[in-house]
Amino acid sequence: MEYNTEIINQTEIEIVNKKEPGRVRKFFSFISNSKSVLIGGVIVLIIIICALFAPVISTHDPYEMQMSDRLLEPMEKGHLLGTDHYGRDLFSRIVYGARVSLKVGMVSVSLSLLIGVILGLVAGYYGGWLDSIIMRIVDIVLSFPVLLLAIALVAALGPGIENVIIALGLVYWTNYARIVRANVMSLKEEEFIQAARTIGSNDFRIIFFNILPNCLAPIIVVGTLGIGIAIVAEATLSFLGLGIQPPESSWGWTLAFGMKFIRDAPHLSIYPGLAIMITVLGFNLLGDGVRDLTDSKLKRK
Amino acid sequence: MLMKEEKLIKQPLLEVNNLKKHFPITKGIFSKEVGAVKAVDGLSFTINKGETLGIVGESGCGKSTAARMIIRLIESSEGSIRLEGQEISEINGKKLRAIRKDIQMVFQDPFASLNPRWTVRRTLLEPMKVYGIGKQRDREEKVYDLLNKVGLDESYAYRHPHEFSGGQRQRIGIARALVLNPKLIIADEPVSALDISVQSQVINLLQDLQEEYDLTYLFITHDLSVVEHIADRVAVMYLGKIVELADKEKLFNNPLHPYTEALISAAPEVETENKKERIILSGDVPSPANPPKGCPFHTRCPKAMDICKEETPKFKETFEGQYTACHLY
Amino acid sequence: MENKVLEVENLRTSFISNKKTFNAVDGVSFHINEGETIGVVGESGCGKSVTSLSIMGLIKRPGEVNADKISFQDNNLLKLNKEKMRKIRGNRISMIFQEPMTSLNPVYRVGEQIAESIRIHEKVRSSKLKNRVIDLLEMVGIPRPKEVYRYYPHQLSGGMRQRVMIAIAMACNPDLLIADEPTTALDVTIQAQILELMKELQESRGMSMMLITHDLGVVSEVCDRVVVMYAGKIVETGKVENILNHPQHPYTKGLIASLPKKGQNNGRLNYIPGQVPSPLNWGKGCRFADRCTYVMDKCLEKIPPLLDVSSEQQSACWLCEEKGGSSFANERGKVDQATIARSE
Amino acid sequence: MMTFVGKRILHLIPVLLGISILVFFLLHLIPGDPAMTLLGQEATPEEINRLREVLGLNEPLYIQLLVFLKNLALGDLGTSIFQDVSVLSLILTHLPATLELATLALLIALLIAIPLGIVSAVKQFSWVDYVSMFFAQLGVSMPVFWLGVLLIIGFSVNLNIFPSFGRGEPLVESILMTIQSGNLFYIIDSLKHLILPALTLGVMSAAIITRMVRSSMLEILNEDYVRTAEAKGVRSFWIIMKHAFRNALIPVITIVGLQFGNLMGGAIVTETVFGWPGIGRLIITAISQRDFPVVQGCVLAIALLFAFINLIVDILYAVINPKIKSN
Amino acid sequence: MKKRNIFSKWLLCLGLLVLIVVAGCSYEDPESESAGSNSDQNEGEEAGSDNSTSNSKSSSNSVANKINVGLDVDAGTMDPRLSRDTSAKRVVEIVYDGLIRLNANLEPQPSLATDWENPDATTWIFTLREGVTFHDGEPFTAEDVKYTFDTILDPDFKAPYASLYKPIDSVEVIDETHVQFNLKEPYAPLLTYLDVGIIPKHVAEKGDSLSSNPIGTGPYKMIEWKKNSKITFEANKEYWGGEPTTGKIVYNIIPDNTTRVAALESGDIDFVHSPLSPQDISRIKANKDFKVVETQGLGFTYLNFNTEHEILSDVKVRQGIAHLINKEVISEDIYQNMDKPGKSPLIPASWAYSDEITGFEFDKEKAKKLFADAGWTDTNNDGVLDKNGKNLSITLSTHSEDPNRIQIVEYLQNVFTNNGIETEVLTNEWPTFSTSLMEGNFDIGLVGWLNLVGPDRSMYNQFHSESGSNYGGYDNARVDELLEEGRRVLDQSKRTEIYQEAAQIVTEEVAYDVLLYQGYIAMYNKDLQGFDIHPTGSLYGLKDAKITK
């Protein structure tokens, strides 16, 4: 309703008039407005802390094998979440696994974003044959079941976390390209973009200073969702035996191997699975929340 | 050519001649062109320096398209646009950039025309950055100067568009148009999105600025009372064509074209006493994709004659300084 | 005298923004007589749309409607349950909206949408129903109604769509039509057509009408009485001629004064300085006080009630109490230029 | 409409060509070739070389590509290197199984997602909303193989309700057989086999579609025409079903179309876990055997199917959205 | 509402229709029904059998006429000459007969050949069984034998195991019931390899594909093959060895190990066998509803050392590494004793096996000493052995399909790293990995050999310097000599000596380090009776098995 937003806009003016809060404070008041940002943010923050401070947080050496202590139950012999099939401490492995899984999620999404955003911007802004070509490429990639393409790429590139990241990055960019393109197409008709042209801005300036910042909200949303998708995709690749090279280990790898023991030592698959689920949940909540907030802040309708 | 113009005291700033914009209509698997939407169909007018030309018309009559062609946001299909005698409809690259400085635009929707993620300061600095004008300090000075000029507090410089009310946003939009010291400002429905009390504030501002900077306005609106207030001359558009062009007084006191007449009469007035008899046109504006043969207005014209259905009336000077395209004259 | 179709007393509609509750409509009382057209005027955000939605019972949670009384004919709308309210809506009271572009459901044919509103409230055989819809289309001046019956909304122009909206509203011969800015989105020539149509229908059916608009011109064309709203309150009400010719409240005066007028060419326009305050920052005094040229101490202290200026005009301004009558009726709103710098 | 379909088919040609070329190069980038895998560990280099010769793998890559494209243009997808049958017949035996699985998965997804999405939109911020959104989040974050194995352990091993693997008779066939024989066994057996894999496959799509339905409903519920319907006095149930949902379907349909690609990807894993004889498994095996013709053929078949489904989606889109229909 | 009315009418009609259809339907498993009657019939025909009487008395003690087997992969081609994968072999075993069939001790037993003799070292004469018919009713003749081997030897036929039959010069038909194999040179292992199924010449020559429509002489006929789903066989009532006990056998293809065992547990299938996940075995063992039988398999898992690698070419380094491997841990912890610790390339199931030949015991100190002898010490105290400023660094590679092997390399990496060897792990898909093996592009590869029906099979190809499968480039003149001799000499005891010597050498020089002797395990429903386990994994024995409930 036109009425309500008008009120909100004016409300903000009044609030601002009273005192000019600092950027940090603005940020926090911004966050505290959304439960999903708050919860998602906290989850993601915890995971990131786990990854950064893995050596401090972990209770054991995640690589040390103790064959005599194989498959211990959680809490047994001081192992918080038990041990895996080599007698390695599962908790520590999950803490260290955060590094790899986050790396897979974030770097591959960054790569997809890089490709997708640039192609989407170009296709959306210039249109015409350039758009046709880019969209045909998108169609081509989309026609593959994504996982299949990832499998083929990993097979071609060879195993290893870097290659998994590259493969996932090369597979998942189409979504970003489509979303960015759609946004650019509507944005470029907006008056402020036309205004930028009337003041003589060149295409580069318009694309990167005017259009791109205004596509950020959807990019953040699909990007955070993408991180979750990438983490799960990596787990699936691990399940199919592609990907990580030991002794490195992601959650997906731990989970895929834990599946072999699901009947006798379910904790081996449950905890890494939970780690994945919680992380994906965190990123999704964060993304959703950020979208809701930016939408209500900057848009009128 | 110049000789003729020099006789007049007024110097033409912008001359538009037979300007057209046709959007193709395609059909079939291979996108064959089967017709065209004639959004603007042969527009000719001149704006003199320091003058305000108002263009009035209902939505879809092509007034905004015309404005965007003049400022080169969209390419014209045909016709010439000359700014101070220089043809600008086909220049590109550096030359175009140089010309762009001279023509600026104020948009209809003050919210949509401001980048929501930029602060006011950034919005106003941008044109100078683009053209590399001045040093950072000069630029900032200019920004604050302009803010003062359009009646905004300097402290607003770091705020984002959503923190302003509609009127304030439009002031920012006006300030942006002024940054590059343009010769011509095209104002496309600059006040139609604003509340009445704010509307008058902005109109006043535009008039003040015109005086101060010796600006020339091309003022596009659908609101007759606004155009009556601000314009020197008024062009009335209907279906991509100008049907009447005259000095304001002549146009409002003695409208020649039946459409102009209807338009003026249709506007509701506050006067409660001696209400005039209104002319209520029947039907809708025809689609520009399929304009009627002959005079485009004949389908709704209360004075339509047989000839109107057959022949397109010529746009001619009916009385001195009053041009009309109507078979009645 | 005349029968009141609708009576609203002390209507307060509250919303929540940023965890704060505020009244978008704050103590509004008015009534509509049978066969009368009343105009509700005000700038955006003054609460005029919320007033109409409150009457219709269309305020969604967490919005909340409170009032001492909203009575329609013999019904107390506040006490009606959902089902009974639904039966009144679209039947006895109907409503048309500002945006004819978005107010019609894009996926259903025009005819179906009109037929629906009849079907909800009346039992009609489907063979007769179609004829009734076509009649309605004809009544609202749509050419080739049989053909248009099968059109989708996007195939119609704005003016035609608004006619369809009117047909929907008129489908059950309502006693009260609420029109919320019905012509704002339309072109002048089309606006004239629609206003004409509404006037005609209102007169021929003897129905009451509540016309919400920001355009004083429209009010002057169509309405009998007018209610001027500002910041959730009624600041002035009375007969159209009185209000337009002899406005008492400084806000009404300012509003009328800011209209560009003939004979004022190229001069400066009058305007009201400042802007409408946010509902979250309404002080205890008159809400127009900070924009008012005549502001007094009392204005900052206490909200003025609606005071009788004459038997047919009331104004919520302390000036009316002090000076009484229309002592400065002809004075135009003074121009305050403090807020803008300009070179004279 | 014909123009539209024609245009789509015209667009399909470069896409299919691009896919063919991309698959071709991708496959040849992967180390290992069918000759080596075909002959096994004990083969001598001469044997391998001879087989390569027979398979045409010693030709320059561009010649191989041209040969492949030429055959493709003639409608010949080639013969499987490992199984002595034509690729087309392999596709024809495996694709229906996947289609059946994917269709049922989508059906399950829609059955879960649409009511859930509508309810959580209508009751925004209620516990129903929170719970269903939580499950929607779970659905996205649960690896397919994990869910599949859990379902097998739960429903097949422990409860012994559903079979743990494999496919019954094709659903269409079993329906016919049931009608013919009047014995419900066939159809129930087919459905019993289908239910767990379809559920596994459908959960993620269900999650995505639920969110989509919800957000699209939320948006629509704020539209002016919903308010118009309210003002008309339409019952709230019909406002939701008739006025809001029909419009909300428009964006949902696009997502459903895109979900198909997702389902095909998920099918690879689901089919492996449940031993479902579908095209996903066929491709995976073919990749691991470097059975180039099979991979190429299957990918093309999926691409075609994807294009076909998107075409249907677009047509549906037009049917629901009169704006497109009449243009 | 008009629309709603129509809609609800439709719904009503539809509902009624469904109701009528459902009401008219029964719910019975038609297969179990027909199988029941079928079995009655079967039993009836075999009058006097104990089963038939007991069967007719109590329905609870019925015989299921079908055995459901779970297999991991689908068969590629069912042509016995072309079959490569194990599933194809499982099919061929019950659909075809070879000239001989190996018994559980891997000794050749008469099958289609009732007798054989070799008048000289290069001539073998087989007497064929009479009165045998193919599934299509045509009689089996000597021509079929000749045709089968001629095609295998034809280079254009692409038979994968053609190299096993290379020494055969020609196959002659002596008369209807006798065929003669002429060899280029004496070839002792030949007989063991003659279990290849004999195909019907008249069918093959017609150009009908035997790949998907096998026609053999075996106990079962294939009646349906649903690709990647199941293969169904029906008993061949005319089988020369007597009619099989069970009417139907179904091979169900379930790729996932966990699911396959789950299917056994849920009762969807009756029989699974290796490959299995070791984790599942102990659980099934503990379950009274199932039987688990184990035997030595015909394969071993080994580390293939690249003897041409600049570091690994030093035999001391190889020996040192061998000392770091605790085979007991691998066998017990990773394989749950499914596979037993390995010793040499001679497998326990073979007659040539010797317990005496052992590899290197797990001893870190000895390893350290051997590395030091080879010049590798940790000079810079970074925990990694080095020599001339170069770290002792190797790559352990294996394929990604087998999680157990990945576990081995992960475990070994850990041990090696802890003992000063910089170890990287590389797991690739099988085709990629095998390509790198064949190209000699590896350091240490973890692989396995299957189907080692004789010592020649497990050593000639692997260690002969000229051989195709000698990936590590192992080159020892004495070993070459021994392996060639082993093919020439026909006397088994002599051959035993020869192979044991060769095995001793290759184990000593660590061309291979055999980690595990693969076990063969079958798990089945306790109601399945009469099945004897076979080390090759052959399911031929199913013809005598039945399920009694």
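Note that the chains are named A, B, C, D and E in the order they appear, and that numbering of residues resets to 1 at the start of each chain.
Please note the rule applied: a residue touches a chain if its C-beta (ideal position, glycine included) is under 8 Å from a C-beta of that chain, and two chains touch if they have at least 3 such contacts.
The model shown is predicted, which means the values in this text are computed figures rather than measured ones.
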{"item": "Smallest number of contact steps required from chain C to reach chain D", "value": "1"}
{"item": "Taking each chain's C-alpha mean as its centre, the one farthest from chain C", "value": "E"}
{"item": "Maximum inter-chain contact count - chain pair", "value": "D-E"}
{"item": "Chain B and chain D, separation of their C-alpha mean positions in angstrom", "value": "53"}
{"item": "Centroid spacing, where centroids are CA-atom means, of chain B and chain E in whole angstrom", "value": "85"}
{"item": "Distance between the centres, which are taken as Cα means, of chain B and chain A, whole angstrom", "value": "47"}
{"item": "Whole-Å separation of chain centres (CA-atom averages), chain D against chain E", "value": "35"}
{"item": "Multi-chain contact sites of chain C, meaning residues that touch two or more partners", "value": "44, 275-276"}
{"item": "Contacts with 2+ other chains: residues of chain E", "value": "258, 401, 428-429, 432"}
{"item": "Of all residues in chain B, the ones touching two or more other chains", "value": "165"}
{"item": "List of chain E residues in touch with chain A within their complex", "value": "257-258, 277, 279-280, 282-283, 329, 333-334, 400-401, 403, 406-407, 409-411, 413-414, 424-429, 432"}
{"item": "Complex contacts: residues of chain D adjacent to chain E", "value": "30-33, 36-45, 47-48, 50-51, 54, 82-85, 90, 93-94, 97, 149, 152-153, 156-157, 160, 163-167, 178-179, 181-186, 188-189, 272-275, 277-278, 281-282, 285, 288-290"}
{"item": "Complex contact set, residues of chain B against chain A", "value": "68, 71, 73, 97, 100-101, 103-105, 107-109, 111-117, 126-127, 130-131, 159-160, 162-165, 173, 176, 179-180"}
{"item": "Residue ranges of chain D touching chain B (in the complex, touch as defined)", "value": "3, 6-7, 10"}
{"item": "Footprint of chain D on chain E - complex, ascending", "value": "21-22, 24-30, 73-74, 76-77, 79, 82, 84, 155-156, 158, 160-163, 209, 211-212, 226-230, 252-256, 258-260, 262-263, 265-268, 401, 428-432, 434-438, 447, 449, 461, 468-469"}
